[in-house]
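Every chain is named by a letter (A, B, C and D) in the order it is written, and numbering of its residues begins at 1.
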Amino acid sequence: MEKLWFKSDYQEGACPEILKRFTETAFEPLSGYGTDIYCKSAGEKIKKAIGCENAQVKFICGGTQTNQLVISSMLKSYEGVVAAQTGHIAAHEAGAIEYSGHKVLTLPQHEGKILCEELSSLLEKFWNDDSHDHMVYPGMVYISHPTEFGTLYTKEELTKISAVCREYKIPLYLDGARLAYGLMSEEAELDIKTIAELCDVFYIGGTKVGALCGEAVVFTNNNMPCEFVPQIKQRGALMAKGWVLGLQFDTLFTDDLYYRLGAHAIEMANLLKEGLVKKGYTLYADSPTNQQFVIITNEKRDELCEKAVFENWEKFENGTTAVRFVTSWATKRENVEKLLELL
Amino acid sequence: MEKLWFKSDYQEGACPEILKRFTETAFEPLSGYGTDIYCKSAGEKIKKAIGCENAQVKFICGGTQTNQLVISSMLKSYEGVVAAQTGHIAAHEAGAIEYSGHKVLTLPQHEGKILCEELSSLLEKFWNDDSHDHMVYPGMVYISHPTEFGTLYTKEELTKISAVCREYKIPLYLDGARLAYGLMSEEAELDIKTIAELCDVFYIGGTKVGALCGEAVVFTNNNMPCEFVPQIKQRGALMAKGWVLGLQFDTLFTDDLYYRLGAHAIEMANLLKEGLVKKGYTLYADSPTNQQFVIITNEKRDELCEKAVFENWEKFENGTTAVRFVTSWATKRENVEKLLELL
Amino acid sequence: MEKLWFKSDYQEGACPEILKRFTETAFEPLSGYGTDIYCKSAGEKIKKAIGCENAQVKFICGGTQTNQLVISSMLKSYEGVVAAQTGHIAAHEAGAIEYSGHKVLTLPQHEGKILCEELSSLLEKFWNDDSHDHMVYPGMVYISHPTEFGTLYTKEELTKISAVCREYKIPLYLDGARLAYGLMSEEAELDIKTIAELCDVFYIGGTKVGALCGEAVVFTNNNMPCEFVPQIKQRGALMAKGWVLGLQFDTLFTDDLYYRLGAHAIEMANLLKEGLVKKGYTLYADSPTNQQFVIITNEKRDELCEKAVFENWEKFENGTTAVRFVTSWATKRENVEKLLELL
Amino acid sequence: MEKLWFKSDYQEGACPEILKRFTETAFEPLSGYGTDIYCKSAGEKIKKAIGCENAQVKFICGGTQTNQLVISSMLKSYEGVVAAQTGHIAAHEAGAIEYSGHKVLTLPQHEGKILCEELSSLLEKFWNDDSHDHMVYPGMVYISHPTEFGTLYTKEELTKISAVCREYKIPLYLDGARLAYGLMSEEAELDIKTIAELCDVFYIGGTKVGALCGEAVVFTNNNMPCEFVPQIKQRGALMAKGWVLGLQFDTLFTDDLYYRLGAHAIEMANLLKEGLVKKGYTLYADSPTNQQFVIITNEKRDELCEKAVFENWEKFENGTTAVRFVTSWATKRENVEKLLELL
């Protein structure tokens, strides 16, 4: 029997709708570097979806690249970016932000989220410090939504964080690598329009939501850094065949495909979560999105390893392990059921 | 009537063989970040094709990114890379090499190529200069093959350049963005095995030869920089779905597809070149590959603009312009014929 | 009455011995960029003082510059440096390490020191993490001695930290901006030879110990990065008149001047500390070196501000403040006595 | 007999006036990092000397550091700096500009100078190029005055270059490492006020004009980059004892000392030049400042090497060498006469 894969939301290829359009357009000549009709059309659809006429949209191949580009092009040389200590840029991007010359200023994480009060206190402390000329200026705030723990900011939380950023005149950046799964969660308080309203820049993840690759960066209010295209090029992030990204997002934002893919993953995740709870398992984090974390004994884990592929998240001293199961647009219901049987 | 596109070799999507495999594998779960079976298989096929058991192969999304990564990971901080003044890294990558902290040390270009004698003289002069501690150390040599002018190094030329690099113990790096078109040219003296033998690192271009995106970097003799994966990640160049690149190269290196795609473009280019010569046009550069440069009057150029898409290469004071027509794996014979009719 | 200055150990100019030699040599022609006889002589004296024949010594103008240079030239691009969260490079160098492309990986501080156990655990955890290719490699350990709190590592502590570094084959770097004051403390367990033995690289601070400017970087065992001079130049840190630094260190390491300057500051600090304790003040940190931290009421602090210059270190909610008084080679006994009278 | 040194203008220490003030102020406590009274006073004197009320002045330790700081803090990330191919930043700073991420865009040199017409043409060509998003934006112009060949810009030349810069809205930066020698040349057309008027930023060299170290950076019209102090710190260029620089410039700009030092060197250079011409030597470049270049036979050169220290500038195939003799504030008349005797 083949193994059951629940390792990540980027373990399968692209959704059929996208592959179909690649086939249809294979011999259609297009202008390079993101100047084509599909990038334009995708940008328009996204602007409509988020309700911002003044938004500017660019497509980038991957998430770390997007974070590096957005952060380094928006910060001044003496500024750093504030993030949770578990934020992707702080923990799992091999120092990509520092490689671009900037410090990640960390805040404690609370199920992957930062607290408005702690952010506010960091900023206040910095500006009250007489020697802040010798310190890194906090020049931007980074959050991920859903977070690395699958959790979501509430509307109140994001509103307050946004207000602090605006008070201190620093941009708020939301990493939406898994945005579809955050938007379609039953517990979601934030729709994409509200996110666009409260953030200065965010990205809509494609790689983890049915695209071969690609993230759509959205500057929400005419605030794209000047001469952004040479800045993309300079970082090696300008694709010759830019439409490879544009065409995918054009597809994702046609007929609500992006949301439908998100909804499917959430349905599968809920099925899994309910099954786990029913079986009496303890959840490691109470995630309302497509990443589910559960604590199992090491024996169970080893046994399961034979038949399923998943992530070991954290090992505890008492002989148990928190493991992560991830659903996606590609997850099959029968595989969730089989996984529950195995557990 | 639709316009005839001869603007570039990255104006169309992906070849059918590649799209077919994307469709076949869409729901196949795979491990991330280039650790999958297709990257492995593609690497093995490339190693076999180039005849190097000790080669190491990695797949990167685009050309500028590849150049930035290879050069910055192989140079020491105080070293620069030697290139022709018209080399892609010197002229058309928005300063991506300098962004990574390194200078491009330029040599004069001779139809896009560097001369072994001038390289040798630059190196000798540097090492004989008493104040070379105040200068940028030449730490690598970059050439493109075919060059930006469509020209090719002869076997003797590359052998001599390689010998100089080995004498000075600095790596020779060949940018093969259009390698297929260089290999299949009727005037080609260099096959891929000889290139692998004479160079320390080179890349096999996919973006311009039928892939959606992707370049295969080959370190020819166990000389990949240590901890290369975190270095890729740190530059934002590690794709989550690494097999998107691996699968494409696995296809390109199956049943000689890469060479067949190259041969088609060359056939189309030759058809065009012969037609141009027959009609009495003056060639701007005598290119044996898929880029053809021809001098036309400005009137002709403006007229042609209405019906075809091509690149204005250089404008002259005497009322003429050098224009570039590019063929590729996707060029149709009838379109070449139509273009010749228009000229 | 003039104010009493206890603000820092870099508030006065240079000691008379140094100024005398500047005057004596003003018209002596010398070769540039550190190739002069005084740099050579100073280097020899330092090598003798530390008992390392294989040491290599270079002189750099300032502390942040030295840290940036040493760390960025010794780390590989994908590596970061481990430091206490209160370490100078982590907190007070305006992101100079990140500017050079590297992350500072922080450990908790214990009166300014890192614990061997916590270092060991960080390294073990990194190497056991399956996804460490996505993380910053710990490539060096940075400690300051005395620390930013005036505290000192014991011989056992440094020996254990050194052993961990050697086990993991990463260099141990000691920032000795105030080294003289650490060496001459009554509680000092570490002499300069032991430091040289246990560390791979360290710097002997001049700026805070009687020089106009200058720090002596010591690579203890033929481990200076290759082509170090162009690396210094490239970072803007190579002084044309290199002997300005060499001559000062040549003076400091003649007739034990460096130690005598250190001893004087310690004597003054002890006088102050004893006076404070006698008067019943609570010390904020128990520093055995030239920085003394004491908690006073805010009224006292405001009153004292009129007559003395010192640093506010930390404000507490209960109406008190920790303040810092610093002695140096230039501190006059009568001023310490006057300060005690004011308190 | 001791050798006659004419190797550089940074081969001796500091002028007596400066050393005297170091001695007088050695025990005067001062606030750190350039916030002291001497930096303030020196800045005021310089502002008065250049006739710019809106100027902002900062003191930096050395020339390469100053160039790196000024250029990297004024350029946007995607911009490069235009310079003569023999400009110090292009040729002799070990890639310090590229280390900071920016390309040096070179123009041909004409006795060390750039031509306004060639600058204008470079800028026009860039902005007319359809693909300039793939190129490095010219964001600043760098000139040295005197140049590396001792030559001077005429008033007309600088006025025209300045006009081009203002037309294209990019700053003009003048490297005045040897400014005093340019100002006091008999052929000087440019006084310091005119330079301040025509340039956006320039530096007044101290290291080569009697200081131990130090350059005064002048932003001529309230155009200092925002948060410049943390930017200085971040690059390791903020001296703790900032007054070491301020005090020296305060001295240099008291009683016209800076100009008097310059005038002396020029007098000595003229004496030497006239002597050389009288003896029938061919000058390599016709320098009106303190660097003199003359062509001598290799036999003469080897003979002279025994008794004098000077720079070999360029070796020719016909058995001759261009050598450089440099005078300075410290050059003694008798040594010039002895040198002429030897020649």
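General remarks:
Just so we're on the same page, a residue touches a chain if its C-beta (ideal position, glycine included) is under 8 Å from a C-beta of that chain, and two chains touch if they have at least 3 such contacts.
Computed from a predicted structure; not experimentally measured.
If you match contact pairs by residue number, over half of those in B-C turn up again in just one of A-C, A-B or A-D, and that pair is A-D. Looking at B-D and C-D, the interface holding more C-beta pairs in contact is that of C-D.
Each chain gets one centre point, the mean of its Cα atoms, and the points for chain A and chain C are 42 Å apart. Distance from the chain A centre to the chain D centre is 50 Å, each centre being the mean of its Cα atoms.
Centre-to-centre, using mean CA coordinates, chain B is 42 Å away from chain D.
Taking the mean of the C-alpha atoms as each chain's centre, chain C and chain D sit 33 Å apart.
Taken residue by residue, chain D touches two or more other chains at 77-78, 93-95, 99, 101, 133-135, 230-231, 233-234, whereas all remaining positions touch fewer.
By the touch criterion given at the top, residues 33, 72-73, 76-78, 101, 132-135, 137, 226-227, 229-231, 233-234 of chain D touch chain A in their complex.
Remark: chain A residues 77-78, 80, 91-95, 98-104, 130-131, 133-136, 312 touch chain C in the complex.
Interface residues of chain C, counted against chain D in their complex, comprise 5, 7-8, 10-16, 19, 22-23, 25-32, 61-69, 93-96, 99, 207-208, 212-213, 230-231, 233-241, 243-244, 309, 330.
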